[in-house]
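Two complexes come next, and they have one chain in common, chain A, joined by chain B in the first and chain C in the second.
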Partner chain A sequence: MRRLTLALIAASILLSGVLPAKSQSGGELHFVLRAEPKTFDPMLVDEEASETIRFLTGGVLIRVNRKTQALEPELAASWKVSQRGKKISFHLRDGLSFSDGTPFSAEDVAFTMRKLLDPNLHSPTGDSFRSSEGSVRVAAPSARDVIIEFPAPVAGLERLFDQVAIVSSRSPKKETAVLGPFTVAEYKSGAYVLLKRNPYYWKKDAHGQRLPYLDSIRLDIQQNRDLELLRFKRGEIQLINNLDASYFENLAKEEPAAVHDIGPSLDAEHMWFNQVPAAPIPDFKKKWFRSANFRLAVSEAISREDLCRVVFSGHARPAVGPVSPANLFWFNRSLQPHPHAPQEALRRLQQDGFRFDGHVLRDGEGHAVEFSIVTNAGNKSREQMAAMIQQDLEQIGIRLNIVTLDFPSLIERISRTFDYELCLLGFVNVDLDPNGQMNVWLSSSSNHQWNPEQKSPATPWEAEIDRLMQAQASTPDQNQRKRSFDQVQKIVWDQQPFIYLVNKNALAAISPALANTSPVVLRPQTFWNVESLYYSNQGRGVGQ
Partner chain B sequence: MNTIRQIAAVLLGIIFLATLFAGAFAPAPYAKQFRESPNASPSRMHLLGTDELGRDLFSRLLYGSRVSLLLAPAAALLATSIAALVGGLAGYAGGWLERIAMAGTDLSMSLPWLFLLLTVRAVLPLNVPPAASLLITFALLGLFGWAASARVICAGARSLRNSDFVLQAKACGCPSLRVLARHVLPNLRPALFAQLLISIPVFILTEANLGILGLGVSEPLPSWGGLLRGLENWGAVQANPWRLAPLLLLLIVVSCFQLILPREDFAA
Partner chain C sequence: MWHRILLRHLLALLLTALLGGLLGATLVRFAPGFGVDERELDTRLHEDSIQALRHSRSNERNLLRFYADYLAGAVHGNLGVSHSFARPVTDLFAERLPVTLRTVALGLAGGWVLGLLLALPVATLRGWSYEFFSSLACGAFLCLPSAVVAILFLYFGGPVALAVCTVVFPRIFRYARNLLLQTYALPHVLTARAKGLSGTRILLWHIFPAAAPQLLALAGVSVSMALGAAIPIEVICDSPGIGQLAWQAALSRDLPLLVNMTLFVTLVTLAANSASDLTSKALVKQAA
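Let's look at the complex of A and B:
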């Protein structure tokens, strides 16, 4: 009994450190949207600003915990996937209400899913559920149960519900009636979005206090990142997501307690050789670019450690492949980044008949090895990476010409005319599940950048990737999917159709005035636990 | 006034000579990356420190100045020659030829040249060595930068067309081409010279602007445009104020060009 009392005292002390006193709740959080939100309709979201609003206002059945990357029940108390991923049944929480007081029921979930999956709506969120032709059946057998049946298995089905904000079927306020912690109170185009606390939000803290602690959030619409940094330094905003390494370093000197290097992000910088058969480049170059040995040699000639240290001031990690180590489940841990090994690179090239005379590398027919790398103008880190790669390749006698193009011209070359040789760009990854990369890896896809829209796979290894990607997409067994996708990662590591360079670290800035913060790699980095954020007594923000 | 012009000319001469013999003064090759010491402070080894990639800034400044100071005058000469041809002929001939030429000039001045430069750069072949890309950039500046000068030259030629000495030459039976070559063009020389000198800093700044957009001279060749990109991150500049050296040199050179302009001749 005494032990139990002591444990209870210890727990209450521990909780009192984590949870705010009543007087500490309230206040207004400020941060910046870097673009105008295109929509407030949660079903039509297809860009970051609108997604931020959806995250802050929308209530979902299942949430991906941004820290553990595991699924957690939200509006659904429990769920069950059956029929090999074709059917999902939800059992909903009882007694919840929308922000206008309208009760929440299974009818709302059914209404949301029917609307979302209506092909005429063209919902990007709905598209991710469409695995094959055929209609989806949605039924609400009771006020707390919903059953959804798809015509074919949908891989990673539960995770998709993290993006589905439930809307009310009965509220006169339609999509402005929400189940998330905040609700849109005011919007001034080009200026700001003001969110107010949802008085009916269902979550409570351990003391029984209704969340969120904050009264409101003001999201100023502002593109200029220099101004964003300046405003943070002045204390006018409290959060910055996705800081650049140079801004991070700048801020770290002045406010070391405010900056957070969270580790490798999901994003990767990579480059690829043009392997399109019809590309307007000389045949001898096409032969180089189609050789796995050549691509591997180029990969090994590049010092990824130097790229991380010099270009990103150490806030990056050498990349291994299409999956970042930040993706806890799907990353193939048996793979390592290709080492910087110029001698090994030369040995590989000699296997392919190349000769190095100490200055110039020549192929078997005597052509000097020279090609160009294109990247988007104005992206300083990519231009710097290109300059470093240029010097690295010079060590093995390859002459690299750097060309920076405005983005539309670059896209025209890499996706329509195919008039380029090597391209350096980046992947912004928001989806943990490999299904999000289907359009990159399938040889028939238009985003299969090195050789898109193939009628049949051009190489046996591409055929194998096609097979493995289809296999992982057609089974609900996560371990089986993982095995298939691990093999995809291994093939990509061996063949280097994309030469992965670095995974940039996720960098963020958080005002020390905010308490209970826990920045993570996944979006939305700093405010994923927004309902639990509050201002500490030591430093209340300007919005107080 | 004359003394100031002389000082400006001497200063420009010194800078020209220093950049012309950059190889003798540069402590390191401009492209060499000292990766162990990026963003280094000035030292004996690196007089102006190093850039983000560890390249010696003093060497890059010398070579970059050579690029800008040699090619900007060449581009200015090209632009002024085109302006002299178009403006001189239009102003001297008058009538429909002048109207068409000036309409073309107005059209040329109203075009968004920066975007056109970007477009032309985008359609050029990709495998262009840095030196060739440099020449192309400045040639484009020269080819596109004649319109404003052409208007000035045209106005000058028009005023000469009806001058007494031209009328007298024509009355004496002097052929038109001889009048143009012997009487009109020599009298346009001060205006042409002024236009040439005005164009040089304009082209230097345009290249710098293209460089800031990442579309100027390609890596690893340095130019003032490329060097000025180092000033984008103001925090880094505050921490390393010697990064302002290219800006300072650009200001000195542009000021010198402005100071040596023959204003009296131009006004005449």
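Let's look at the complex of A and C:
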């Protein structure tokens, strides 16, 4: 008994260090949305600003823990995947209500799923579930049970529910009736979105205090990154996600305690050669770009370490392939980034009949090797990367011209007219599961960027990638899926259809006034545990 | 007679605005990147959804048809739906227009007051030192592009309307100074001064009435000056007005929004110029 009492006292002392006392709750958190949210309908979310609001307001059945990357039950007390990934059954928590007081039931989940899976909605969240043609059956046999049956197995099925915010089937308030920690209280176009705490939110802390601790969140709509930094320094905002390396360094000098380098993110900077047969570029260039030796040589001529050091001030890692080392399960650990080896690059090129006279590289027909790289204008780091790649390629006699275009023009070139030679862009990875990249790897897909919408695979290795991606998608066995996707990563490493350059580090700034913060690599880096954030005594008043 | 002139102005205004709208639409329609959507690169989207996105703006490809449909809708109060904001243009205008109107109105008022306050002593005092330093200061402000003024206000944290005022006042000063100097040199003003009339009386009875037509013309031009300055200033200072909307619409080739923006800016500019033109004509006629 005495031991138990001592243990309880020790536990309460420990918890008191982590959990806020009642007086510490309250206050308003401020941070910035970098674009106008296009929608408040959680089913139609397709950009970052709306995604932020969905995360802060939406209640989901299953949540991916952003720190451990494991699945955790939220509105669903438990779930079971059966029939090799074709069927999922949920058992829901009891006694929950939407923010307007409407009771939550299985009918709401069924309503949400039926609406979301309507192909005519064209929702990215709904489309993630579409593994094959055929109708999905959704049933609510009881008030707390839901069964969803898909026409074919959906790989990584339960993870997809992390993006599915449940909407009410009965509330007259529609999408403003939510199950998440906050609810949209006010919106002024171009100015701000004000979120207030959901009085019916179901989670409580270890003291039994209802979460979230914060009273409200004000999201100022602000595109100007300089202004965002300035406002952080003035103490007007408390969080910055996805901080640029230059801003990170700037802030680190003034407020070292506020900046956080969380390590490599899931995103990659990469480039690819245009291999579209109908592209309006000379045939001899198409021949270069289709050669794996040529692509490998270009890859080896680039110093990724220098890119990390100079462009990202050391806040990046040389990239290996489509999966970042931050993706703990799916990253193929047997692969290493291609080393900077200009001599090896020249040797490869000589195998393909290229000649280097010390100044200019020429192909077997005497054409000087020269091409252009397109990237989006206004992205400072990409413009700097292009300039450094230009210098690296000059070492092996390749002349690279840099072309910057605004985003719509760039998309038109890479997806409609195919009037480009080499493109430098970033890949924003929001999904840990490789199924989220299906449309990139399938040769028939329009997002198979180096040669999209192929009627049949143009090369044997693309056919093999198609086969492996289909294989990993059709089995629920995670280890078998991992083996298939490891092979895909190896093929991409060997063939270099995408030349992966760097994985930028996830950089964030958090006001020291905010307590219980735990920035992570996965989005949303700084406020993934928003319900547990609170203002410490020392910082009280900053955002209040 | 007046009815005719007014009708002619209104007709010219309407035709110019319609032509301006069509020209604006033509520029957007044939701009590189028209009709593409960033969402096409979303790897989560099913092939059907990508195709649906690609065809979602096919009705805008035939420009004349689009413009005719747009005008038919506009007559009934339907200004179309913005692609980049996924909202009706009327809603966006209703939310953002008051912000810009306030900014422009305050900026203009401030610009005129400051410009005239600085210009009057030049004409009345006629001291070389004041003229030299005021001209130098205004010249320096005149050299600053609106974007630079906006950046300065961004860093030092001033109101957006004051930034518009900073862009407008040197232009008002320069023109008003020259005009006042010319007016003060008119024979009847010299006679009035020689007779010992007070400065205020000369200003109110002899200077302003004589300079009014030109000042009114300047007032018309200054509206488009302020509106033109408000666009980059709102973008840089993140002020949620029409300027910010125009910038985002241009970046995303948002045809419905850009056509409305073009029509709005054309109408405001022409209406301001027509109003000042008609008033100054009326004043000249009255004086004659």
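By definition in this document, the second predicted complex is superposed on the first by the 532 of 544 C-alpha atoms of A that agree within 3 Å, B and C clash if a C-alpha of one lies under 4 Å from a C-alpha of the other, contacts with A are read in each partner's own complex, and residues count from 1 in each chain.
Throughout what follows, contacts are C-beta pairs under 8 Å (C-beta built on N, C-alpha and C of every residue); 3 or more make two chains touch, one makes a residue touch a chain.
What you see is a predicted model, and the numbers here were worked out from it, not measured in a lab.
In the superposition on chain A, contact of A:Ala49 is made with neither chain B nor chain C. Of the two partner chains placed around the shared chain by superposition, neither chain B nor chain C is touched by A:Val146. Once the two complexes are laid over each other on the shared chain, residue contacts for A:Asp226 go to chain B and to chain C alike. In the superposition on chain A, contact of A:Asp406 is made with both chain B and chain C.
Looking at the shared chain after the overlay, A:Val154 reaches neither chain B nor chain C. Of the two partner chains placed around the shared chain by superposition, neither chain B nor chain C is touched by A:Ala279. More residues of chain A are touched by C (comparison of chain B with chain C). Contacts of A:Ala509 after superposition: neither chain B nor chain C is touched.
Of the two partner chains, neither chain B nor chain C is touched by A:Ala258.
Comparing the two complexes, residues 226, 405-406, 409 of chain A contact chain B in one case and chain C in the other.
Partner chain A is touched in their complex by these residues of chain B: 31, 33, 35, 38, 52-54, 118-119, 121-123, 126-130, 133, 213-215, 218-220, 229, 232-236, 239. Residues of chain A touching chain C in their complex: 36, 38-39, 46-47, 119, 122-125, 127-128, 130, 188-191, 221-224, 226-227, 230, 405-412, 415-416, 430-431, 436-440, 445-447. Contacts from chain A toward chain B in the complex involve residues 226, 246-247, 249-250, 253, 306, 309-311, 370-372, 374, 377-380, 383-384, 386-388, 390-391, 401-406, 409, 419-421.
Put simply, chain C touches chain A in their complex at residues 32-34, 36-50, 52-53, 84-87, 91-92, 95-96, 99, 154-155, 236-238, 240-241, 244-245, 248, 251-253.
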